[in-house]
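Let me give you the structure first, and then I'll get to my questions.
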Amino acid sequence: MIDFASIISQTLFATSILIVAALGLAIIFGMMGVINLAHGALITVGAYVAYAVTNAGLSIWAAFLVAPVVVALVGLVMERTVINRLYDRPVDTLLATWGFALVIQELIKVIFGTSAQSVPNPYSAPVEIMGANLPQYRIFLTALAAGLLVVTYVTFKYTDFGVKSRAVIQNDEMAGLLGTDVRSIYMWTFMIGAGLAGLAGAAVAPIVGADPRTGLGYLVQSFFVVIVGGTGQLLAGTLGGSGLIGGSAAALSFVSSQTFAQTVVFALAIVVIRLKPEGLFGGT
Amino acid sequence: MSYIDRTKVAFGDASGSTKVILTGAVIGFLLPAVLSPYFAFLAAQYYLFALLALSLGLLWGYVGILSFGQAAFFGLGAYIMAWSFQYMFVPGINPAYVALVLAPLVNGAIAGVLGLFLFYSDVKDVYFVIITLALSVILEQLAVSVTSIFGGFNGIYLPRMAVSIPGVFNYQLSNDRLFYYVTLLALVGGYLVCRRIVRSDFGETLLAIKENEARTKSLGYNTARYKTLVFMVAGALAGVAGALYATLAQFVSPPVTGFVLSTEVVIWVAVGGRGLLLGAITGGILINAASTVLSSLVADRYILILGLIFIAVVVAFRKGVVGYVADRYDWGEKL
Amino acid sequence: MSAILRTVDLVKEFDGVVATDHLNYEMPEGEIQCIIGPNGAGKTTFFNLITGVLTPDSGQIYFDGDDVTGEDIHEIAQRGMVRKYQTPSVYDEMSVRRNIHIAFGEDKPADAEARLTEILDLIELRDRVDEQAGTLDHGTKQWLEIGMVLANGPRLVLLDEPTAGMTTDETMRTADLITSINEQEETSIIAIEHDIEFVRRLSSPVTVLHQGSVLAQGPVEEIEENEEVQNVYLGSG
Amino acid sequence: MTALTGCLGGGGGGSSGPVRVGVLSPLSGAWTVYGEAHRRGFELAMQEVNDNGGINGRDVEVIVEDTQTDPSTVTEKAQKVIRQDNVDVVAGTFSSASRNAAAPVVTQEDKVLLYPTFYEGQDQENFPGTCNDLLFMFGIVPSQQAAPWMDYMTSEHGSNFYMVGSDYVWPRFTNQRVKQSLEELGGNVVGEEYIPLGTSDFGSVLSRISNSDADIVFGTLTGTDTIAFAKQFYSRGLNEEFTYWTVDDEEFATQGKGPQAARGTYVSFDYFQTIDTDLNNQFVDKVKSQYGEDAGMDTVGAAMYNAGHMFANAANEVGSVNTDDIISGLEGQSFTGPQGEVTMREQDHQMVLPSYLVQVPDDWSDTNDFEGMFEIVDQKESVTPATANCDFPLGKGN
């Protein structure tokens, strides 16, 4: 018998992990149009910051504050040294960020060594809901995903910075003429995106651990989430995209092998991109 | 003027690319005399990686399509060679010949289907990068788990190919110096095919598409068809390179189709020179030779060095090595 | 004389904004016509619709009697409707010669060399044939693009503000160029233009577009007197 | 042009000058974490050999090459060490795929390959690259690693098995062997799943496990996947409900899991750093003094250590380092390794090894404490592996 409570909870959990993992990319790639192939590496840095913080005796919650700041700074270094020269050259941005991904991955090995590091899980026992005992940490992750979505949506929709950021992204010359400091808006938006990737790293570390390739697993999936969901549609796009890519793969794996499920979902994503290039929720 | 003068004159004012490919071919031809079998094996391997890089160089340099999935075609070519030995598709005929015909055909067909599916829509070029990246991830995953067909994680064995004329002679190329010439032939042949394409009206249209696709469409060109055709040629070239690589290494396993090799090819072409066929070839040889040397010296720091070089080239040295040379000396046609 | 181009009740909307509102237009073969109208009147959208860049929400487009609604850009172009873009759209990194050679289209004319010289004379670029297109000044680039459109063997030429950014002298010479093209090459020509002097010089019938549909049509003199047109241009519109 | 600055082939080899050994380790890429112990085990053995006279009076020179966890690099590096550095024997490669990539090179050049990693065993029909006279297998096979403990585990914890493995050859064949024993013991398989390599979210398979009436979850996941699985297994409280027994998670994987997620897990291998014998304690002390306090050892490192010594013994006993002598010297040789008495079975070159069943104790807390990481539950002095599915006598080549 297929136990629906598990399917629903798993689909929800898989979706929320991808929301957290892809949100930073939804800003840097979805909104700014910067193809950031270092997104996975930034997640890895977040995971290692979580390791360093918890290893120093502090709690994982402290890591949730430290990781975004540290990775935002890494994003700042990337943006100031290279990315801001390439805003009008999308292909070169893509290549440069892939270069950064390699450099970051190797620097982590230099600093932390090659072996996988462990990050403790704050919760020990699962909790029983609807007859299925569910891990508390995954429930927390779902709440975190929802919270992050709302916060980023509100930030970019209503706050002064958010409005300016979207204006700059849509037409940086015009915004520049109207007196917005375009360069600093780009910098801050990129840093927020990187910070969110860092937070994602810290968030997944307790259930995945930290090793030099942790973030790489999320790279292609995150891009699919943003593209399939629809660039420029922060809330609906990320939610929809994560649901399709993460959720459906989890649900499908109840009826088929996980390898088959993942292959089918990837193929499905490619078909969606082909039929609706602007994404499910994007476009006019 | 005697024959020699004429060649001198012709050589003197030949375009940069002609000079380079001629000297390259001559040096390449004489090289095995000084190379030990090991270095002949290495050079053969570099030539095949250069042929793979050439397939991306043609796509990216001449029609502006950046594919992150050329390794998928390379790997498929390798598996076709392995299957050809395993299943002897056409009994009685040298399985390597069968594979060297099948690999480009099958890859071309698959590239054609992909092209029809992706180019005949307004999928943005950038999305094409992500899709081709995903395709090489999918193929690698299938190759690992579908053990019955792909031999799975442990891979498939195949012997070194033989050069043969049925009934006349059959000589197995276990001597690496001999196999070296097969790969040199494949690389120079591949280059001449690309050169032929690029210098034709078809090639001129490709450059037009790369520079201004809207204008080219409104002059009556079905740009999607051109992009699909050149994508098929690139797939075929990568397939031949993969097929020869399989019988050179005598072993095929999933990473040969996968994500890591796909991203490395892009680095080779970007550093070598993304705008020129010879740039891609140089990148394919130069970076692989450097990685052999560097990885023996600094083992795991080599990727860090490569990453830094790659960023520097992309930001400040966009034309790449050969591109830079072509600018400084009158290179003539961009080949 | 059959119509080279006819549109029937063409409608195109962009999230609520009606860009083309049941536009009916007919262009007899062999003629030169101008289209004028204030900014946002839907002139370029009209060109985008008939060249297949945009597909209309409703209505039909007939080219030389065939219904081409919804056809691909290159299919319509192959039929002989060739467009010059508002901002000059040439291959900057290629020589003038190569620009024209590409513009000949997929099946190059047999006497390509002769045809090339003919066009170069027409657009007065004979002595700069091997220069890079990108190095040409704005006005010359416009003429190069006109030459390219010509090289494509068009039956209907669409010119989107061909004299934008030109001096009055250049504008007048462009008008004469268009007239001679029409006569020598027997191609019909539709030009979108703001410069009334240019329209007067062509002395061709004019269609005034306003809010996505035809406001008025007729010879230049009549249109200039037409009150509705005046207050559309001058008044609130 | 870019003519390759080739240089002439390396000279040397033969009986004068040092004995040269090539070591192929994954020092970059996905398996790097195993690469270090893999290389250290062999280097340590060679140091000890050099300290007491080397081989036939000749010093041993070790040439290490990074295989970048990529089979095509293995082919290149195997060629290099053999044809350029003229090594007398090759030790290493980590995954079965990399061993298979090296096999044609050693076969063509007629050199012995000493393979250290735990693997699926030799089977001519099902997977190529084994049944080769030039290959010597120092790693444990499923019939030694899992089969000996089926009795104990089923009697202690119940006989309903839920099998979770990575989707490739080694997990599938290990499970096949375990299912054989399970049948004999009247147990049954309530679930069997293979997860693609590189998966990080195990939510759905874990929910299927928690809904199953399994007693033992038998793990053959590998790499970073096994770490993610264990952490999520813990976060769902499944370690209270089920017994988790894995045949992949040696010292470094368990270090990656961390105490919280690893507590209570059963692991079975031929070697653990926690083995408390004089020989192993000396071995571990040497590793720490040479490579630092936090350096650890695992089954693969120990196998490389044994391979080094047994190669030296063979060469010294037979008096030469040419391939056929090394083969005859290795076949049937017994040696006292850090894990105890081991013997290289003559017929199929598979090592007869002890087998240890360990459990992660509740009081393990420091991730660098490799001794306290495991507690020995039971051990078997020497387990004879199932005979390889090959035609005997082994021929050279695959």
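As written, the chain order gives the labels A, B, C and D, with residue 1 at the start of each chain.
In this section, a residue touches a chain if its C-beta (ideal position, glycine included) is under 8 Å from a C-beta of that chain, and two chains touch if they have at least 3 such contacts.
This one's a predicted model, so the numbers in the text were calculated from it and none came from an experiment.
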item: Between B-D and A-B, the pair joined by more C-beta contacts; value: B-D
item: Approximate Å spacing (C-alpha centroids) for the pair subunit A, subunit B; value: 34
item: Distance from subunit C to subunit A - Cα centre to Cα centre, in angstrom; value: 48
item: Inter-centroid spacing, subunit D versus subunit B (mean Cα positions, whole Å); value: 36
item: Subunit C-subunit D separation of Cα centroids, rounded to whole Å; value: 74
item: Where subunit D touches two or more other chains at once, by residue number; value: 32, 167, 194, 196, 198
item: Touching two or more other chains - residues of subunit A; value: 109, 114, 257, 259, 262
item: Set of subunit C residues in contact with two or more other chains; value: none
item: In contact (per the touch rule at the top): chain pairs; value: A-B, A-D, B-C, B-D
item: Subunit B residues within the subunit D interface of the complex; value: 20, 23-24, 27-28, 31, 34-39, 41-43, 45-46, 141, 144-145, 147, 151-157, 174, 245, 249-251, 253-256, 260, 282, 285-286, 289, 292, 295-296, 299-300, 302-303
item: Subunit B-facing residues of subunit A, complex; value: 35, 82, 85-86, 90-92, 94-96, 98-103, 105-107, 109-110, 114, 220, 223-224, 227, 257, 259, 262-263, 266-267, 269-270, 273-275, 277
item: Complex contact set, residues of subunit D against subunit B; value: 1-4, 6-10, 27-29, 32, 64-66, 68, 70-73, 75-76, 79-80, 82-84, 95-97, 100-101, 103-104, 108, 127-129, 167-170, 172, 194, 196-198, 398
item: Interface residues, subunit B side, partner subunit A - complex; value: 66, 117-118, 121-127, 129-131, 133-135, 137-138, 141-142, 145, 263, 266-267, 270, 300-301, 303-304, 306-308, 310-311, 314-315, 318
item: Of subunit D, residues touching subunit A in the complex; value: 30, 32-33, 35-36, 167, 193-196, 198-201, 203-205, 207-208, 210-211, 224, 227-228, 231-232, 234-237, 252-253, 255-261, 367
